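I'd like to ask some things about the structure below.
Labels run A, B, C and D following the written order; every chain starts at residue 1.
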Amino acid sequence: MPTHPVHLLVSCPDSKGLVSAMTGFLASHDLNVLDLDQHTDSQEDWFFARIAFDLSGSGPLPDLIELWRPIAESHDMSWRLHDTAERRRMAILVGKGDQCCRELLWRWEDGQLDCDIPLVISNHPDAAKHVERFDVPFHVLPVSAETRREQERAIRTLIQEHDVELVVLARYMQILSADFVASMPNRIINIHHSFLPAFAGSKPYHQAHARGVKVIGATCHYVTEELDAGPIIEQAVVPVNHRDTLDDLVRKGSDLERSALVSGVRLHLQDRVLVHGRRTVVFH
Amino acid sequence: MPTHPVHLLVSCPDSKGLVSAMTGFLASHDLNVLDLDQHTDSQEDWFFARIAFDLSGSGPLPDLIELWRPIAESHDMSWRLHDTAERRRMAILVGKGDQCCRELLWRWEDGQLDCDIPLVISNHPDAAKHVERFDVPFHVLPVSAETRREQERAIRTLIQEHDVELVVLARYMQILSADFVASMPNRIINIHHSFLPAFAGSKPYHQAHARGVKVIGATCHYVTEELDAGPIIEQAVVPVNHRDTLDDLVRKGSDLERSALVSGVRLHLQDRVLVHGRRTVVFH
Amino acid sequence: MPTHPVHLLVSCPDSKGLVSAMTGFLASHDLNVLDLDQHTDSQEDWFFARIAFDLSGSGPLPDLIELWRPIAESHDMSWRLHDTAERRRMAILVGKGDQCCRELLWRWEDGQLDCDIPLVISNHPDAAKHVERFDVPFHVLPVSAETRREQERAIRTLIQEHDVELVVLARYMQILSADFVASMPNRIINIHHSFLPAFAGSKPYHQAHARGVKVIGATCHYVTEELDAGPIIEQAVVPVNHRDTLDDLVRKGSDLERSALVSGVRLHLQDRVLVHGRRTVVFH
Amino acid sequence: MPTHPVHLLVSCPDSKGLVSAMTGFLASHDLNVLDLDQHTDSQEDWFFARIAFDLSGSGPLPDLIELWRPIAESHDMSWRLHDTAERRRMAILVGKGDQCCRELLWRWEDGQLDCDIPLVISNHPDAAKHVERFDVPFHVLPVSAETRREQERAIRTLIQEHDVELVVLARYMQILSADFVASMPNRIINIHHSFLPAFAGSKPYHQAHARGVKVIGATCHYVTEELDAGPIIEQAVVPVNHRDTLDDLVRKGSDLERSALVSGVRLHLQDRVLVHGRRTVVFH
C-alpha cells in the first residue's frame, strides 16, 4: 500500500508535552509519523512543529480532525492540516521578463512542484510564447494608472474562478492593493531582485551597481501590505566584482531569482514554512 | 531555576510510535523537551533522534535511566545519554602546522567549545609557543619509524591518565594504529585538507594544484581503520583559480580547515552527530 | 561606429616585454585595446594573455595577421585569433536526461550564448519534444554495442556537414572514441555530475550518497582521451545533508550541472579559456 | 638575484594606447612585468591598471619616476607607485570585542600581512591580554562624550609619531571625526558587521534577527565622512536560519568579520584596490 501523507502544522505558546501530545495522538490512532520537525523559539517562548504522517489504512480525515480539535484547543494551538491527496492550485503573475515564470513552469512540467497551474496572468503579451509551450492558459490583462483597480478586480475574479490557493509573483512588476494582499495572507509569494532589506523598491540592480557591492542577492518572501517587507522564505546570493556591468548583474541576478523563487515555492507547497510575525520558520 | 539540559540520542530500526514513546516517557516524568530532532532514512528504514530535555527539578538521572532502559530495549534502540553538567575532556594532537590547534584553543578560550582541554600533544616542539599562551599543558612526544609503537603507547597513556573522551587530530600528520582507532570508536576526529574522497592520502594541495581544480575543500571526519575513509561530519569548500599558487591553496585551505574542524568538533560536543555505517546524521 | 571586437589569445614561455610587444603592435596600428588579461605562471615560467581589441575602422584582418606573425614567432608564441563577426557553430549531444540541453537552448534563445546551434544529436528520441520547441533540428542516432563505431561515424559526418566547431556533451552518456576526441582538441566540452576528481566514472550521485559527503558538485571540462580527466573549466558545488535522498542529490545536482555547463560554454565562446597541460587559465 | 617588486597603479580617462604606453616604458628600461591587471569601465570610459614590475638590476627608483612623470601627465593619469622594499606601517584600533584584532595579529605574526604593526589602540583595556601575546604595544585611550575630541587628537598624535600609513578599525565602535577621515583618504579601513547597505548603523545583528533574513554578511570598506557608506573592498556572507539565535548570529558573523577584514586589509597592502567614486576596482 502506498503512503498517503498528511501534513500537520502547529504554532503555539511553548509548554511541556506538546510533541508528546501530537505524537501520542497519532500513535493512539495507529498513524505512522513519516517526518517530524520541531522548533522552539526560546526568546519568544513559542513552539513550531510540522508532522508528516501516513493516513493510508486509516479512517477518514474529517473524523480524525474532530478528535484532534480538542487537543489543539487545550494547548492554544494555531494549526492547519494539508491532505497531500488534494493538489494545490497555483497561479503565476508575470510581467515582461519571464525567466522566473519559465523556470517555474519547467520545474512543474518535470514534476518537481506538487500543484496544478490552471493559469498564468500577465499585463503584457510578451510571455505568451513561452507559457503556451507548456500548454498552460495565458491571460493578458493590460494595466494603466486609470485601469489599475479594474484590472486587479479581473485578476481576483480569475483567481477565484480557478480555485487558486497560491499566487506567485514571478517578476510581476505591479503593486497589489492592500485589499488583495489581505485576502490571501501568506499565500502570495514574491521574488524581489535584491538581498532584502538592501535595495528595496525599484531598480535594485541599478542601486547595487551604483553602490559597488561585492555580492548581490535575491529574496523570496510572502507579500504583505508594506512593500518588500514581508516574511522572508529564502535568499540566494552570488559574488560580483568591478568587471560586472549592470547587464551582468541583471543576468547573474536572474539566475538567483529563478532558483530562490523555485525553492521558496517548493517549500511552501510542501508545507515547510510557518510564519510568525515578520519571521519564518522553514523546515528544510 | 536555570535549565539543566540532558541529551538523549537514539538510533534504531524504524517502527510506528518511536517519537511518541520517547516524548511520552519524558512527559510522564514531567520533563520538558527543549529541542527535538528526528530523521527517518526511508531507504534503510532507520530511525534517528536527538532530544534535549531539561532535568532541572527532576529526580536523579540514574533512576530515570533505569526506567528508560526497558522502553529502549522494546524498540531495539541504540542510545546514549549525555548529562551536560559533566563536561567532556578533549585532547588535541598536533603536528608542525598548528593553525587548526590554535583555532580550537582560541574558540575554547572564548567559551565556544563546551569541554575541558587538559592537554595538547605533539611530535614536534613547534606548537609550544602558541599552546602555552592558552595555559594548556603541552606534551612533546617525538616519533620515528622505530619508536612509532612506543610513542603511540605514551599518547594512549596520557589520554587515559587525563580521562580524555574525545581526541582531535588538528593536522597531526601521523597515522594511528588500528588498535588505537578501535579503542575510541567515533571519538577521534580528524581534519583532512581536501574535499574527500578527492585527494585522500598525502599532499592533497599538491594533487589539487596539479589537477587544476576550481574548488578546494576540507573534510572533518571520524577516524576509522581505513585512511581518510571515516564518516564525514562537515565539509567546507572555497573557489580557487589559475592565479592561486600552491602556497595560495595552502593558505586558503588552512582557513577552511580551521572552520570545518571547529564546526565538526562543536557539533560532536553538542551531541549532534549520529553515525550509521559510513554516513552521519548531523542535526544542525 | 559600433565596436568590432577581435580576440587574440597567446600562450608562450615567459620573457621580458611580452605585453609590450602585443600592445605596442596594436597601438602602432591604431587599434584600441578593449580588454586585456594576462597571467604569468611563475612555477612553470609560462605566459598567458587574452586581448580583445577593436577592429572597426581598421584594415582587413588577414593583412594584420601577416604583420603579427613574425612578432609571435620571435617570442615562440602559441596564439589564436577569433573575429567575433564570425559566429561559432555549436552542436549539442544529449542522452535521455535533457535538463542541461534545455538550459543551453534557453540561454541561447535569450541571446546569452554567442553562437549558432545548427543541430542537436541524441541516441534517444526523448529530448525531441523540448528541442523542437526551440526550432533546432533534432537528430536521433540510436546506439548499441554493435553499432557504436558506425553511430559515431554518423555523428562526425553530421558535425562536419554543419561546420560545427564546438561539441557540447550535455549529459550524453556515451564514451567517445579516442579518434573523435583527438580530432577536436579542446573543442569538446563535457559536464560531469560530480566534483571531479571525486566520483569519476558512472553513477556519481550513488557514490556520493553512499560515501555520505556533505557537499556535491558538477564539473565542466574539456574531453580528453582519458575519461573524466580533461582540463577543468568550471566547478560548482552545493551543500547536502542526511535528509537528501539519492533523488534529492540528482535534483540538486541537476541545477549545478545546468549552471556549470552554461558557464563553461559561455567562457569558451568568449575565448576566455586557455589550456596548458591538464590545467586551464580562465580569464573571468 | 631575488625579485624586487614595485607596484604601479594607474587610474585615468580611457584612451587608445594606455597599456602600450605603460608596458612600453617598462620595456624600454628593461624592466620585467611580473603581473599586469587592467580594467576598463566602459560605462564611465575610465581606465584602471595595476602593474607589478621587477626593479632588481635597475637604476634607482626616483630617476625612473622622473622619466615616468611626463608620460603619466600626457595621459591625465592619477597614479601611485609602491616600492615593496619599504614596508607599510599599520595601526589597529579596537573596541571591547577583539576577535578581528586578534585575527589580524595572528595572520601578521604568520607572515601573511606584509606590513609592520607598531601599535594597537583601544578605548578599553579588555584587548590588552591578547594583544600583548603578540608583543605589540597596546595603548588605552578611554573616551567619553566630553573627551571625544581630545581622545581623537591623542590617537592622531600616536599615529603620526609612529609613521602610520594605514589605520584599521577592527570593531572600534567609535565614530571618527570628518577631519580625521579627510586626513587619511582611502587609508582607513573598517569592518561593518552586516551586508551593507542593509543594516547600516548600530546593532546590525539585532536588526537582521528581527527582520528574519536568511543570509548575514560582513563588509570591509574604506571609511568616508558618511557613516557606513564608503567604498566597499570585500563582502562575505553565510546562510542562517530560524534556529539561529541572536547569539548565533553574533558568533557566525564574527567569523565573517574576521575573514572579510583580513582579506580586505591584505588586498590593500598588496596595492590591489583602486577607488573610483563610491566604487572599487579590486584586482584579485
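Definition applied: contacts are C-beta pairs under 8 Å (C-beta built on N, C-alpha and C of every residue); 3 or more make two chains touch, one makes a residue touch a chain.
These numbers were taken from a predicted model, which means no experiment stands behind them.
Relative to the C-alpha centre of chain A, the farthest chain centre belongs to D. Look at the contact of chain A with chain D and you find the same residues on each copy: over half of the numbers used there are shared. One inter-chain figure worth recording: chain B and chain D are separated by 37 Å, centre to centre, where each centre is the mean of the chain's CA atoms. Chain A and chain D have Cα centroids separated by 42 Å. Chain contacts: chain D has residues 243, 284 touching two or more partner chains. Within the complex formed with chain C, the residues of chain A that make contact are 99, 102, 106, 110, 112, 133, 243, 251, 255, 259, 284.
Residues 39, 41-43, 48, 195-199, 210-215, 217, 231-235, 237, 241-243, 245-246, 278-282, 284 of chain A are the ones touching chain D in the complex. Taken together, the chain C residues at the contact with chain D in this complex read 16-21, 23-24, 26-27, 30-38, 40.
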